[in-house]
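Structures are listed in the sections that come next.
One chain, chain A, appears in both complexes that follow, with chain B as partner in the first and chain C in the second.
Now for the complex of A and B:
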């Protein structure tokens, strides 16, 4: 281990503390004010309540947004998993020189600024005369999270020794049985991890959604809309919910990826 | 004479190329039903390619693969009545030993109860009773090896293909597994095709050895044949420390063949030498243990040498000698070690002698 002087440790510790404060301070402020009210330039300490959350529960717009978010996430993640797995299998088995180009195409929507991805989808939907709705949002999200599902499944697939597949065929299994009994069980943890991560991405994706949606609104979009009408405790409550939701998913994903890592 | 053994699998003029490079030149090989054949060769000699072609993992570029006389070139791997023991064992890591061994029966749709009985039977055959519930990662290398073996034999294949299966084991365990495999092969009366790069392993285990080099079969024969009567210089050199003496091949005589070289005239009774044309250059082969030091007057072959070195290597002592007629060459003699020490010492001039029946000639 590298040894540092006490002075250096104090300075580095202070920098780390400052970075954490800047990173997480605003989040805690938001969480704090989802439970307390701020009036007359002072925090009203006796105002602790779940009112903000209760009013969210009764806000039909919010309920709709939550359902839309879950629907978009669920469908686009499922689509991305199926497509990503198929593409990963193709990349792994193909000897074509074009497979790397294909891989780049899969990654592009993920790597490009979301506004570019969103705009190009928007232009396409307009030109193709596809009315904007939740369906277009789902398409947008699928395109966006596909790269993630593809990459995680491919990484796992590449750690599976070719001899396992050969052994399965050699023992008389059909291709389907080999997939079912040998490959799929080895891919389960990778599929789980990519499902959670992809869902977390879809959950708070805003820009693409904003561009390709019709009248329907997802949770982050609802938040966006609420903020334009001024800050209310509801917004803080909503931020807190989104924060807890995505952090929880991220933690779950880390656990899964840890399990999915090759032994 | 007993009936000639039936041919199980036959390769006829089989080749294999990878992107235009031929790694397997036209190969003919007939595998007899019930035999234990080892395919021996250095890495890159094409031995694994042969195994994979028979197993159906690699398609031959040209030529025919016959099973019971019928071409199986287009028969998919999962329909061939052969099973493979892979070099890395290829055990399914997420399945228990029981599930691994029973896999072949499961994919054939056997009933659960029957699978359980057969797995128990097979596990006891490889001395792994009670290990059924474990996972491969919980087993030692030798145990994993036996699970792979059990998995391969449970479907009662016509032929078992083994791809350097003992490569990852330490020397003691290796010898133990060699004997075990040999016993098992006799017990289940199945044909084994065993690929290895270890010549001692090949000799110990095989009924017949197929020696390969650079994508060609150099010789197929019993261990004694390839050891004492190699058909070419490569095989002669591959099997240890043969003495090779440059000669030119002379006429046929009563006892066999007359040869002449820098070191003098020789007589060789080797049976395969009769079809070699007169006047061709060749190599006379003498095994170091067949040479007698200070041989009697009546010996068929004799060379005058100066002893260069005598070294004790346990049960044998190794003597290096340079012929007086050509000091550039070194001949090796192996003697049984005796408490009294070797009968010669470095610097002495003696005769080395061997009989016509103890040598062999190959064309260069």
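Now for the complex of A and C:
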């Protein structure tokens, strides 16, 4: 775009540094105090230990929450990928005018405030007599991440040249074979990118989950419940583990999306 | 349509239709495509809308259509003021994030080569980090027993913990601003990055100062992205009910919290649904105003 003058650079750099401090500072504080204790208004530098992590390992509520989170993420991401791919194929192949309406429907849960998506599902589940459980959480997450999977797959699908599909059909391949050997391989990276991003979203989803869950809790729910009690090393340890997990996912997603983006 | 090299859409359709072109088959596919989105997205929304016209009598939902929930919103003493206060709060969040996010995006966009993207990733990665953890960490820093107070006490700057840092609307505003900042930065960065270098060079060559170039070239070309970023932030902030609950305390009552309480303690789903519909209207107005503003800005 342009080069900044030194004065402007200093001012903007100071603002940027401040923003970084605000964005990352709280996270580092939490990580730091998962290893050290804070007593008598001072950091106890000799209190370094993994105790907090060890006590997490014995907390069944947390282990349950981790398993629930992985289950919900795994199932809803798989469902969203299958459904999103099917819908992307439909949108891409359909020439009817109402396909844009369908697309709007798919995007809605992503565009509306999560409280609306969550509450409308809550009302729906009660009207349909579906008891709140992990199943309803999975439905909520699937609806939420569907837009993402759909959009990424559709974008990729639209860059695949028609001549490839025609050639395959001309050479006598069935439509299934064409899908399996021509389309699927070039969709793989898009599917991978959607899977990681969708999983990261599901992993962290709080607002919708809180509204549609029954007694089962996912990791963010559990964390929320623990936090009402106060600031303990255990929570900091859990926070650190989650941060490492979600940062890893984020970096992986960025790499993957970089690779998956059409060149 | 030229043969061969078009994109997949139309040609593939012809192939598919030639092979399986019966209208019955096509209708079946269409029904299959619509089934799940209609069942799990459209139907819940419609039921939700209908719910907002029911009412509660002695703890039971009466399934009669009335406007009394909406009436209650406008006539009750607390709801409309809280709603307006929440709108102002979220507008404040949007303004803060844009005021802080714009200079940072400008700095990043002015860098050369790869550094630019690496830096942008550093600023955007916190978006993917657990939302609830960020609230928690901010609370741990600002709380009366928090690190900021402890450090200030330790340094002797204050004698008693500061209590105005948390559990009020300002704390809600700041926390939301920290969480949503990357959402504002991203569209601004994209808009700035799209400005051709040659335009800026031309401005300088014609004798404009840096400030003039910013005012007459860069700002008009990035205003649209800035408005989009601000609108994003507003929409995300207004529906939140966890942040106000965690850092707002008793004084930080927002509209989102009122809605949530209707589905919890208050147990008045129809009224909660009506309040959500009002929230949705506010969101739509914000989106409409945003795109209107962006369009007028875009005209020379």
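We adopt the following convention: the second predicted complex is superposed on the first by the 262 of 263 C-alpha atoms of A that agree within 3 Å, B and C clash if a C-alpha of one lies under 4 Å from a C-alpha of the other, contacts with A are read in each partner's own complex, and residues count from 1 in each chain.
We adopt the following convention: a contact is a pair of C-beta atoms (placed from the backbone, for glycine too) under 8 Å apart; a residue touches a chain by one contact, two chains touch by 3 or more.
Since the structure is predicted, the reported quantities are computational estimates derived from the model, not experimental observations.
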Superposed partners chain B and chain C on chain A - clash or fit: fit
First (chain B), second (chain C), both or neither touched by A:182: first
Partner chain in contact with A:88 - chain B first, chain C second, else both or neither: neither
Partner chain in contact with A:163 - chain B first, chain C second, else both or neither: both
Which superposed partner A:153 touches (first chain B, second chain C, both, neither): neither
Angle at chain A between chain B and chain C, C-alpha centres, nearest 10 degrees: 90
When both partners are placed on the shared chain, which of chain B and chain C touches more of chain A: C
Contacts of A:173 with chain B and chain C, given as first, second, both or neither: first
Partner chain(s) touched by A:249 [first = chain B, second = chain C, both, neither]: second
Minimum distance between Cα atoms of chain B and chain C in the superposition (Å): 6
Where chain A meets both chain C and chain B, residue numbers: 161, 163-164, 166, 169
Residues on chain A engaged by chain C in the complex (per definition of touch): 1-5, 8-9, 11-13, 15-16, 19-20, 22-27, 29-30, 38, 41-42, 83, 86-87, 90, 92-96, 102, 105-106, 108-109, 112-116, 119-124, 127, 139, 142-143, 157-166, 169, 175, 200, 203-204, 206-207, 210-211, 220, 223-224, 227, 231, 235, 239, 242-243, 246-247, 249-251, 253-254
Chain A-touching residues of chain B, taken from the complex the two chains share: 55-57, 76-79, 82-84, 86-88, 90-94, 103-104, 106-108, 137, 151-152, 155
Chain A partner contacts - residues on chain C that touch it in the complex: 4-13, 15-16, 19, 29-30, 33-34, 36-38, 40-45, 47-48, 51, 100-101, 103-104, 106-110, 121-123, 125-126, 128-134, 136-141, 143, 145, 147, 150, 153-154, 178, 181-182, 192-193, 195, 197, 200-201, 210, 213, 218, 235-236, 238-242, 246, 256, 259-260, 263, 269, 272-273, 276, 279-280, 283
Residues of chain A defined as touching chain B within the complex: 161, 163-164, 166-174, 177, 181-182, 185-186, 263
